[in-house]
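Shared between the two complexes below is chain A, which has chain B as its partner in the first and chain C in the second.
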Partner chain A sequence: MTFDIDIWIQVAAFTGGGLAMGFGAIGAAIGEGFTASEANIAISRNPQMSGDIFKGMLVGQAIAESAAIFALVVAMLLLFTNFSGQSVVAVCVILAAGLSMGLGAVGSGIGSGFPAGEACAGISRQPAMSNQLTTNMLIGSAVCQTPSIFALVISFILLFSDFSGMPVAPTWAAILGAGFAAGFGAIGSGLGGGLVAQTSCEGMARQPTSASTVTNIMLLGQAVTQTTAIYGLLVAFILLFKGFAPSESLGAAMALMGAGVCMGLGAIGPGIGEGATARSAVRWIARNQEATPELTRIMLVGQAVSESTGIYSLVVALVLIFVI
Partner chain B sequence: MEDLGEIHQLIVPLFGHEMTFNLEPIIQTWIVIIGLLVFGYLATRKKSLVPGPIQTLGEVFINQFYELTADTLDKELTRKYAPLITALFMFLLLCNWLGVLPYLGEPTSDLNTTLSLGIMGFVISHYAGIRKKGLKKYLKGYCEPLFFMLPLNLVGELAKVISISFRLFGNIMGGDIIVIVVTYLVFSLVLPPFLTGFFFIFIGAIQAFVFTMLTLVYIAVQVN
Partner chain C sequence: MKKKMETIRETEKIYCSIALAFAVIAGILCFILALEPIGKGLILGTLFSIINFVLMGETLPMRIGHSRKKSAGISFLLIFLRYGLLAIPLALSIKLNRFNMAATVVGLFSVQLVIMTEHISRHIKMRTQKKQLF
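Let's look at the complex of A and B:
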């Protein structure tokens, strides 16, 4: 059996498609299962509201599923596009596109299950708030999807840009690195953003008068939580568009891939941590509205400190790209 | 599909350097500015105690964002910065919604727009911080909690600009790309209007609000 370049590209397309949909299926399924379990509990508490709770569950699950649908789109593109007649770089491009979207869908899928579940619990606890809870859940889940949208953007850019003019030697590593940075980088922020949205639904159900404050602080907390995913996106953009001088040494190539892996993995922890910080802040702002300015300030400071490890990763990744 | 990522540029040679203008965002930004000016004129043309529909809309914007600013800043600063916050939100909202119209795109899907707005917020927040606290106390803020945290604090401040501008840019451009690619995949059947509604209208409004809130919070963090 001989392996020419077209076969390798086909191998990469099938593997990439499998990775995209395989990883992409993890998150959404967990999130949706969580939503359904909360909906069950909610219905048993308040059977009269079962219609509303069921509707809320389905809407929430539909949003949680969108990350997996992004992964499905990328997997389908990989399986059915004709890539033949391209260079060696295309092998890495295809793999990286699959990895980026697959990994990127994990966090957002799990994350958007949390607000949906808590919204169901909230509807049973406070039926009068059911419309506002659904709206808040939709906003929170939509913001949760942002990291997976970043991963999707990177994989679309990979698939639709022309890298054939670039030198093969370091570019293959830069492209894989970009996939890792965007993919891994999205996990933590997606999950963390879900934690924040979860308690905002809980708080709103407990204390309806706090609704607008809680939504605002939730958006703020989620936005800060996404910062490390944005670093991942930034590193991926730099790796894709900087244009590297040709070099045959494996060290230079590994530095570029290392930069991507470093930023990607380094973004997971801060994302979850900042989400946990904002979760508690939002939960207690709902119960103690007078303390809103104090709690918001402490939340931002705490998030900044927990983000510092993400900034270390960013610094190391930039050093790997620009210095070495 | 082929025109994905294509940008019309005007390149002007100037003293041996080249100045590059991205024509589309500039035109679109001017459309937004003119739209806002017309809205402002119509809202204030016939001011009355019983407001007409356009005046009501204007009052809704102004009331909401004055209240939001007053929650975060003190009274004097609210008077100073609430107009900025309101204008920023209205500008971003119209920018993000402009892509719904045929032949137009969002100026915010160009990184230059979001980055300049991010830098604007950065400069304003630091100016406000220096005005409020004085230069010495402002500089001392960078050496907290300990002096060797200085480089980290500096990187953290710059990272704020990057994160705020890339968040808006990534979301809006991501929505654009998703709509284009999915429209192509489904041969423009059924899905595109729903996707446009979700990514342009819904995500656009949320991201405009998030950007405005973050600018407000950056000012508040510097002031306190």
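Let's look at the complex of A and C:
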């Protein structure tokens, strides 16, 4: 059996499509399952509110599903587009697009399930806050989707840009690195953002007078949580658009792929850690509004410290790209 | 259960009718501006987004009230069906030039966009009213 480049491109398209939808389905399924499980608990606690809880669950699940629909879009593009190319770069472009979107949808899918589930619990606890809880849940869930949108942007850039004029080596490695940076980089921020939004729904239901403060601090906490996904996006952009001199050295190629993997994996922990920090701050601000300035300050300091490992990853990734 | 379904149907009716109205108006505008593939793509995507959302709600009673195994099986089949349905407009827009792919993707998110817009506009309205009161 002989394999020419067209067959490899086809193989990459099928594999990339499978990776995009396979990984992409994990997050949304867990998130939607979490929402439904919380809805069950909420209905058993307050059966009279089952209509509103069902409604909250349905709306929350519809938003949590967005990341999986992004993955479906990329998977369908990979499966039904006739790709052409002359080199292994085209194979890597297709694989990286699938990887970026698939991995990038995991965190957002799980994360946006957290506020949806907590909103259902909140409706059962505080029926009068039903509308405000749903709005807060939707805002929190929407912010959770941003890392998966970053991954989608990188996938689209990979699929719709022309890389044929670039040298095969080390471009193939830079492209795969970009897929890893954007994909892995989105996981932590999606999850962390979900933790913050979850507690804001809880706080709002426990202490309705704190609603607007809790929403504002949730948005601040989520914004900081997104920064590591932005680092992943930044490294992906550099890897895609810097333009590298031709080199047959495997070391140079591995340095570029390593930069993407380093940034992507390095962003997971800080994203979740920052989310956990903001989660506690939002929880206690809801209970003790007078302490808002101090708790916000401590939250931001804690997030900055948690972010430091993400910055180390960014520095190492930049060293791998520009120095080695 | 009947009452719960009424609440869900009411929700579906509101969001789906707004999404459909938006798609039809945007589609007509696109036809007037000679951007037919965009209009067709938007309407196609919106239709499937509505079908997906309605299926999500209408199949809720099918998923509850059974044994755990049966509920899990039914849920899995329904997810498979819904994602299979969402794949149809995407495959059509990739294969046929009559439908613009980007517009189809936007259409697929129309229900989600309507949900977000409705809640956020209500939130802003409530805040403005509160500010006026105090």
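Simple rule for what comes next: the second predicted complex is superposed on the first by the 321 of 324 C-alpha atoms of A that agree within 3 Å, B and C clash if a C-alpha of one lies under 4 Å from a C-alpha of the other, contacts with A are read in each partner's own complex, and residues count from 1 in each chain.
To be clear about the criterion, a residue touches a chain if its C-beta (ideal position, glycine included) is under 8 Å from a C-beta of that chain, and two chains touch if they have at least 3 such contacts.
Just so we're clear, the structure is a prediction, and the values are computed from it rather than from any experiment.
Asks: Overlaying the two complexes on chain A, which is it for chain B and chain C: clash or fit?
Replies: clash
Asks: Output check: A:73 vs chain B and chain C. Expected answer is one of first, second, both, neither. What do you get?
Replies: In the superposition, A:73 touches chain B and chain C alike.
Asks: Look at A:230 in the shared chain and tell me whether it touches chain B only, chain C only, both, or neither; answer first, second, both or neither.
Replies: In the superposed model, A:230 contacts chain B only, not chain C.
Asks: Between chain B (first) and chain C (second), which, if any, makes contact with A:165: first, second, both or neither?
Replies: The answer is neither, since A:165 touches no partner chain.
Asks: Once the shared chain is lined up, is A:134 touching chain B (first), chain C (second), both, or neither of them?
Replies: second
Asks: Thinking of the overlay built on chain A, is A:52 touched by chain B (first), by chain C (second), by both, or by neither?
Replies: Only chain C is touched by A:52; chain B is not.
Asks: Thinking of the overlay built on chain A, is A:149 touched by chain B (first), by chain C (second), by both, or by neither?
Replies: first
Asks: What's your read, chain B or chain C touching more residues of chain A?
Replies: More residues of chain A are touched by B.
Asks: Per the definitions at the top, what is the overlap between the chain A residues touching chain B and those touching chain C?
Replies: In chain A, residues 73, 76-77, 139, 142 are touched by chain B and also by chain C.
Asks: Could you list, by residue number, the parts of chain B that touch chain A in their complex?
Replies: It is residues 1, 4-5, 68, 71-72, 152, 155-156, 159, 162-163, 166-167, 170-171, 173-175, 177-178, 181-182, 185, 198, 202-203, 206, 209-210, 213-214, 217, 221, 224 of chain B that touch chain A.
Asks: Mind pulling up the chain A residues that touch chain C in the complex?
Replies: 25, 29, 50-52, 54-55, 58-59, 61-63, 66, 68-69, 72-73, 76-77, 80-81, 131-132, 134-135, 138-139, 142, 212
Asks: Using the touch definition up top, name the residues of chain C that touch chain A in the complex.
Replies: For this pair, the touching residues of chain C are 3-4, 6-8, 11, 53, 56-57, 60, 79, 83, 86-87, 90-91, 94-95, 101, 105, 108-109, 111-112, 115-116, 119-120, 122-123, 126-127.
Asks: Quick one: in the complex, what on chain A touches chain B?
Replies: Its residues touching chain B are 70, 73, 76-77, 139, 142-143, 146, 149-150, 152-153, 156-157, 160-161, 213, 216, 219-220, 223, 226-227, 230-231, 233-234, 292-293, 296-297, 300, 304, 307-308, 311, 314-315.
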